[in-house]
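Structures are listed in the sections that come next.
After this come two complexes, each holding chain A, first together with chain B and then together with chain C.
Right, the complex of A and B next:
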């Protein structure tokens, strides 16, 4: 129904309105620029090349995790196990690299194995949620406990270091350009290609109206399973990044990142009700979370107020984004 | 690099201005705490801030900047990066992970920043640890329990969060100690996630399942919960159990004459670390290098112990404090100085 109602409204949009419709992440982008400027005002060093590289290197994992989340949110699903998948892949590849001796080849093999594990977790989630038709929010909460349990079985306590070739590459430079910049560019290209695939259109159609998607002949169950599979793969990619930035295995590392990934998706202008959104927005959303946290500190907020102010700042960012897009939509 | 240059230039100009006069010390120290779920952490930061202020009497100006919020591991890595951007002289961290900070500490060290972890050890060789030995902490209370039971009896353990490094070290600690006593049998070990209510629940279940237990080894705030269950079951006179260090509990302990003993993990550890940091920033060398612990970078502080003999003293030391306030101790500036050449 909502899809039908939205149509005539879209015709009446102003020029700016159309731009916002085409690029739902624009309000988030504006907030991102504002946060960068504010960070620069309060701590000029935070805009230095090294500090910005550090920002990307720290938040690349959250960006990818937010992207993972976005694909299931497209179809009006949610995945509360992304953090647990990240942890599971993190400990698995660390243990694999250690077992295989930590050579460059073993690192590559472990990375591919990690992506395979993420894929398997994603398909498992998909079958549980779309195949067995369990409520996604509770079903993936349950699988998150299962994945954490497996991660704890593989590595009962955090501590095994990654081979230095792994994290020195991640934190190092290639032709004088930080390695994470190449990664960021590669991710951007991959996201662009994926955004053009039929799967994304199908996910959005399912999220917009599952009933009508089914009636028009879309394989709804299969589409949702594929969405979860894609989510699992990107959670695994996020794990590869976090392993690069933390150089170690930690069976609980992703636990606190799950809700941040959901927050980043929403900040980026993607609707949790499905059908509308962009992965670019989620990437920006992840950066907004990072920059808000830095800004709260650089402004000089007393420590006992930092959590409160961070929460408020994220609410403000969310409100501004919604107000801007609503006004543009009128 | 530019930070180095700035510092070098500043040093040169100060030297030029001072010409023979004593150099005025002026340090900025960043404190990062990645979890604010307990009053213990709040007290830890307040004591560190007070310790920094105390340096004023010695003519040393120590400014502390604090980042304390609930963050994930990348969030705390961001804390460290913020401090690097700001150009602090030293970073003191209560880390969310033992190993995850290796790369970012390497960056901090190459920017000329001293890094000290406290409360939980870190593997980075670019940092040192100043705090208590978590394993020794558990060993002390386990030994107290075993001795109190006369080396005979059945014991249950209530632990914190599975997979957490401090919990792991504590479990190793009591397992080793109880292993030395042939008569002590551990009949069950459960996790109650360092949560008082879960500790109380776990104790209820354990008392129902094993009505004949003689001893309970339980950590931190969960001890207050466990003791509540022991009181509810009317077993105070028959069971010996480890305790904790908050005023509420110690008052309860004195009032009901518990058979209890508590290793103290004082929130003052961060203040101790800060005092050590200032001496290191002044270029002083430790008498004994920090090379203890599994990572070979630890400087262990003494672990106070409270039992029936001195619980009244602990109670009076806490008199007038709020109920959540922990019994604490820290190295004074003089005590810290004694560690240096």
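Right, the complex of A and C next:
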């Protein structure tokens, strides 16, 4: 396993190097802690249980989208259509739930249908990119246009609300514990299980060196298609969360989230060149983006300057993360 | 290539096949086919006036794609996602400097090109000195630029184009063609000269196809790469000024629509994203092809959703004509 994760040439002999090799998200984790402390200093309430739960319920969608992106980045691919898949699933389940009357059963059916749609989009991407051997960046941009088109066909204008049972559950409590906590725990367990599967090892092997993966008998094309399929499923899960958070349908809701998902993956210590990384890092990366946004607000930045300061902070975090993990790897 | 010794009879067939595989020939044939299709679908589509309007829109995209082309040619995953932000920023800065007066044109051009060059310089330094992957660096820079746009937009009005600038972009200038078309032709000639006849141009291909060999041969690789990003920022800035002339006023995030299309124009022009081969003449054809395709879809009587689906699907089909990756061999 360590042979697959290690970058060629990176000396794994030093103690620190070995730690980074095992936990590539360590720099991100340090940044996360620092951001939490800073948030706490400027707004003590922001570290309360309620505030942190709110942070999770707002950013769970981005976390899942970043996880989705991670699986294709493992194999040195990229998916610029994750935001469009999220939008498509969002409008699809809203319309489905509305058609079926908005009962609890309809919500359940719609959720499964949504995951199916995400899976189908992912497989489509996989066949296009890996099967037809198109360049991932441009090919998934083209499929994102198609997915957005289908989303617009299903719901031409945004604003159809979700059934109240849906968002009441997402934002509500179960046995006095916020529902999103259960979701977060469930997601963590699922991610842990997936991380142990052979597919992840294969994806990393393909990303590390496609040619040698092929020569050692790995089904490279099929592995990449599976990676895209997994990515589609997690984009759909992200859509379920964003639907719970915004409680309405919007055919363009995911558009701006695609590049953030890539940024979260990189923040989390996963290399875009493939072969090394972790989903835990991507989750942390998404939280970093969320905490930067809230910190910029808490320190009292004038509203028109907030986006700029956020942009600068994320650029700095991206740079520092890459520099630190490289230095540690040497 | 695998046919090492083609028989004499097969040489002609092979060279014809090679001709058909030339990306620029493919692009020109597709342009002709699309014009015919457009004329059939809506008579008047291929009229001189209409083609002129298409060429103006293509010139705007083509100028952005010139810089994108250089960065991609330089290899090592070279890509510039920040061009859209520079286009938007340049349009708004130019609008405010000239504020409807011809006297402001020269200062506006100088200021915008300097700003574009500055952002290119920062991108280039990040990519070379800090060795941040171009996709990550320019993605982070895009976030900064989007934030900066909010600040700039808050402080100053959107500004107006000078009459001479609008005339340059939209009115006939020489031989019935607007100035922007001549500017684009000039840029095309400049790029062809730069890439084929200068040491600088040859070095771009050298670092794009084998960076180590180029460095051994004494090519200042870092300096080269920084210059490519500076040029990319400058071209995006020029496109922003022209865009202001085209629309008369600058709008929020007008440049965003150029980010990924500029990459697709380069790919359709026969420059693979891996760099090292290709050129700008093909990219010009690629830009025209993209614009005609979009224009045909607006003339067909279908709604926005259908238009997007057809556009995305057509992009995918067109990509099959270009640079598909090689199949894995044992």
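We take it that the second predicted complex is superposed on the first by the 314 of 330 C-alpha atoms of A that agree within 3 Å, B and C clash if a C-alpha of one lies under 4 Å from a C-alpha of the other, contacts with A are read in each partner's own complex, and residues count from 1 in each chain.
By definition in this document, a contact is a pair of C-beta atoms (placed from the backbone, for glycine too) under 8 Å apart; a residue touches a chain by one contact, two chains touch by 3 or more.
Fair warning: this is a prediction, and the values are worked out from it, not measured in the lab.
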item	value
First (chain B), second (chain C), both or neither touched by A:156	both
Chain B versus chain C as contact partner of A:214, first or second or both or neither	second
Chain B versus chain C as contact partner of A:181, first or second or both or neither	neither
First (chain B), second (chain C), both or neither touched by A:276	neither
Which superposed partner A:34 touches (first chain B, second chain C, both, neither)	neither
Touched partner set for A:120, first chain B, second chain C, both or neither	neither
Which superposed partner A:46 touches (first chain B, second chain C, both, neither)	first
First (chain B), second (chain C), both or neither touched by A:307	both
Chain B and chain C contact sites that coincide on chain A, given as residue numbers	152, 156, 304, 306-307, 310
Interfacial residue positions of chain C with respect to chain A in the complex	77, 79, 81, 126, 130-133, 135-137, 139-148, 150-151, 154-155, 260, 263-264, 267, 272-273, 303-313, 315-316, 319-320, 323-328, 330
Complex interface listing, chain B residues touching chain A	3, 31, 33, 36, 42, 45, 65-75, 77-79, 81-82, 84-87, 97-104, 107, 123, 161-165, 168
Touch list for chain A against partner chain C, complex	80, 128, 132-135, 137-139, 141-153, 156, 210-211, 214-215, 220-221, 259, 262-263, 266, 272-273, 304-312, 314-315, 318-319, 322-323, 326
Parts of chain A lying in touch with chain B, wherever the complex brings them together	43, 45-46, 48, 51, 54-55, 58-59, 61-62, 152, 156-161, 167, 170-171, 242, 245-257, 260, 290, 293-294, 296-298, 302-304, 306-307, 310
